[in-house]
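Below is the structure I would like to discuss, written out as structure tokens.
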Amino acid sequence: MSAVQETASDAPAVEAVPKRAMTLGTGTSLVVLALLIAAPLFVKNFVIFQMTMLLVYGLAVLALNILTGGSGQFSLGQSAFYAVGAYTSAILMEHFGMNYALTLPVAGLICFVFGFLFGQPALRLSGVYLALATFALATAMPQLLKLGYFEHWTGGVQGLVVTKPDAPFGLPISQDMWLYYFTLVITIAIYIFSVNLLKSRSGRAFMAIRDNEIAASAMGIDVALYKTLAFGVSAGITGVAGGLGAIAVQFVAPDGYTITLAISLFLGMVVGGVGWLPGSIIGSAFIIFVPNIAEGISKGLSGAVFGVILFLVIFLVPHGARQVAMVAQHMLGKLKKR
Amino acid sequence: MLSRPVFPAAAFAAAIITLASTTGAAFAQKKYDTGATDTEIKIGNIMPYSGPASAYGVIGKTEAAYFNKINAEGGINGRKITFISYDDGYSPPKAVEQARKLVESDEVLLIFNPLGTPSNTAIQKYMNARKVPQLFVATGATKWNDPKDFPWTMGWQPSYQSEARIYAKYLMKEAPNARISVLYQNDDFGKDYLKGLKDGLGAKASMIIAEESYETSEPTIDNHIVKLRASGADAFISITTPKFAAQAIKKLAEIEWRPLHIVSNVSASVGSVIKPAGFENSQGVLSAAYAKDGADPQWDNDPGMKKFFAFLEKYDPEANKLDGSVVYGYGAAQTMVKVLQLCGDNLTRENVMKQAASLKNFAPDTLLPGVSINTSPTDFAPIEQLQMMRFKGEKWDLFGDIISGELSN
Amino acid sequence: MELFTNQILAGIATGAIYACMALAVVMIYQAIDHLNFAQGEMAMFSTFISWQLMQWGVPYWGAFLLTLVFSFAGGIAIERLLFKPLAKAPILTNVAGFIALFAIINSVAGLIWDFTIKQYPTPFGSSPFLGSQLISTHQAGMIGVTVLLLIALYFFFQFTRIGLAMRAAASLPESARLVGINTSWMIALGWGMAAAIGSIAGMLIAPVVFLEPNMMGGVLIYGFAAAVLGGLTSPFGAVIGGFLVGIFENLAGTYIPGVGNELKLPIALALIVTVLVVKPAGLFGRPIVKRV
């Protein structure tokens, strides 16, 4: 009884981000980079750990941005890919003694394949139906991880403890600091890759599909290929993030990868600005730090405070941090003209 | 640098001073680790105040109220307790973050009663590597009693396996031909229990003819009950958390199935489980207990419980005294206070563990008469005793001896 | 064979819960074209309100009616205050709003009424239904009320002016406005009705699952799944979907060896996804025509 016909000239479900606004300007990028590199030198190990998690979740939100903001496919299932990446790393490290750095490409590859395969049946679904399918995946994952069949590898409900690596070559820095810089390098690499992906032909194909799938198909874009590719890439990056997360937290267990994580990543994407890659880190900061702030304000009502803060954010900036950045850019532009 | 004539004198003076400060002043000497000072002891805690296990958050609240009471009464050896409790939402990565925050940022002396097996497993390695006490963890998983590998981690409540073994013993004695069906929660709690049950039955584990697991995301376990009944069992072991235990009791009554019904201690609270499920439906249900139930009128005049009720009235009036978690929090907090009192002025982490590992027959107000806390350097399981009970009328009737569920590790 | 019929009956009994919730889900979908994640929490909160009224001495049916009114008004209020301002915002932002609402309601309910489970009365009694030990009178009552609601909704949408106006506003908003329908208030009305239906679902479900702030979490997932399976444009489909999900889940748990029991929910969801791949608009939904 609702929309019996969708006219594809209606506003698309996911709105486009203008190309030149897709990334930060060179100046801002360098400043942010400098901050990220210098900050750990001045703070305690615990804060370095939090910053590492910031990067890890930032990667996961980035992956979701490529999928939803880039190719318009709605996903509430990223926690499943994150979990697969985390467990891959953990199992390879603990059962096979593989070096932690090598586990990451393996995790990424396995998740890429997994995402690509999941993308196949998802082709026929869109909007709320795709949301349900990805939701199904996210709820299935913790239960699969608990399965008796796999218990020997996964540790079942008890999970697996992961050993944190020391800095190589006997460098005199803490484990946390080493892991942070290691994660930072990977994050920058993936970020540059993602930006280039979205600017490339594949990226344009993604966005064409997002904006108007039928038109894109009519123009000869292989919709099936690109949609599943988007899922694969997104899953792969999330898998790498999961692996890094497992090493940072030193523990994997089914309870850590529930639908709550998928919902948090989704919120991170919205707050950061859908489709705006630099916003991923802001979204990540939101989902890590705002719950802490909410808890500080009121322990009994921490959920409510979080909800209220979230509402305030989406009322003030419905398009997320991207909106803030655009306003700032606009004002800077005005200043420059003077 | 010191010139030659002064040097020997200075050394001599230093020696005198050192000697003076070590002899005869051992009791006046104060030793502190991070988190303890002349005026303050900082205690950390991690609880699920949000998320799927938020029902247990009330334990943290009760403990905070208890420490307020202690502070109002002068503190511990003159020091006030600062109780810092964080929410982990029952998520292991968040628990790791909060533990690190407590230890590295808030600089607590120890972490007390962190809740949840996954969360505690996540932080165990870190706590032991850092040599910070992970004391009286709020989970019944059996693995916390391992002083050899994890000397800084200690449990508190009787382990699930030891409780299950007690039921196994009971079954083998009272119902040796029983056909047992089991409903268990598909997580560490359920699986640990099931293992204890099977180990306890040993060669007679074949008495179990049907097992059903359920997830906490299922709205109701009614269909599992239907299935278990269809197996023809005449005994039903309910390894369930409160909501599902109540559903089970109700469903059993609805379908008029009356097996020998044993419910785990976790769900034995009159206020949180039996009353909502219906007294008339719960007649004859068996369980075991180590603590007194706040809803049970037989303890109304018990001196320990009177103190507990007085505490609630003054420091935590909003608390639901029928909630087993509230009684739990009180008992655990009282144990913590005892350990800190025994530390005296030596508030190093090492001494905290040492005192915790040398409790002898300590009985908090809320434990059953006859049940007490005993620890030793090789025994990191403070409470190991339970007494079985049968529900009759509107309360639990304790019967039999106090049984030790000690495991021969 | 007996086990088979037993599992089907038990599945119908649990399915009634899902069907109830699915009706509320379809209702809101009709109004706003989206699934409201906070639907379950709103239903839970309404149920608590009715419980509180009964604690204060209001008899069951009085509390029931008061709660219905309160929920209806509450639904409209939430839409006007929180979601109307977001009408121009992207859809994903609105979804974030639903999630925020979920967090707020859940947290507030936990604070006011704490997390111990509470018994909730049923007007139908709990004895075996027609002597069957698998379905209680309450569960039979639940199925009855759901069917009644379904019929009422059907009449509302097919034969009343407001119902027709709502359908028009949802499917072709531009045209609806042109004929003088206040589409904005239609959305508010949809929210109100969805909240009211949700509260009925909550009050029917609570006697079975026990009342506590987290009681609707699992139910909502199943409600979504059932609604999608049946077709989001069809209340009838939602109800059938609910029963089908309940039955299938039980059968999967009983007959798929080894993992069937531990993977009940994922298997049920996998089934639904499979159906969707074949019939993208659900079993009874009207197919959506996409035009460029």
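When the chains are written out, they are named A, B and C in that same order, and each has its own residue count from 1.
In the analysis below, a contact is a pair of C-beta atoms (placed from the backbone, for glycine too) under 8 Å apart; a residue touches a chain by one contact, two chains touch by 3 or more.
A quick note: this is a predicted structure, and the numbers were derived from the prediction, not measured.
In terms of C-beta pairs in contact, the better-connected of the chain pairs A-B and B-C is B-C. When chain centres are set by their Cα atoms, the one at the greatest distance from chain A is B. The centroid of the Cα atoms in chain A and the matching centroid in chain C are 31 Å apart.
Put simply, the C-alpha centre of chain A and that of chain B have 37 angstrom between them. Work out the mean CA point of chain B and of chain C, and you get 39 Å between them.
Contacts with at least two other chains are made by residues 50, 186, 215, 217 of chain B. Across the assembly, chain C contributes 107, 110, 221, 262, 265 as residues in contact with two or more other chains. For chain A, residues that reach two or more other chains under the stated contact definition are 139, 143, 146, 300, 302-303. Chain A meets chain C in the complex at residues 1-9, 13-15, 68, 74, 121, 124-125, 128-129, 131-133, 135-136, 139-140, 143-144, 146-149, 212, 214-215, 218, 263, 266-267, 269-271, 274, 300-308, 310-311, 314-315, 318-320. Across the complex, chain A is touched by residues 29-30, 33-35, 82, 85-86, 88-93, 95-97, 99-104, 106-108, 110-111, 157, 167, 170-171, 221, 224-225, 228, 232-234, 258-259, 262-263, 265-266, 269-270, 272-274, 276-277, 280, 286, 288-292 of chain C. Interface residues of chain A, counted against chain B in their complex, comprise 44-47, 49-50, 53, 139, 143, 146, 156-159, 161, 245, 249-251, 253, 255-256, 258, 260-261, 291, 295, 299-300, 302-303. Within the complex formed with chain C, the residues of chain B that make contact are 50, 52, 54-55, 57-58, 186, 212-213, 215-220, 222-223, 226-227, 230, 242-243, 246-247, 250, 253-257, 271-273, 275-278, 320, 322-323. Across the complex, chain B meets chain A through its residues 49-51, 85-87, 89-93, 96-97, 100-101, 103-105, 117-118, 121-122, 124-126, 186-188, 191, 215, 217.
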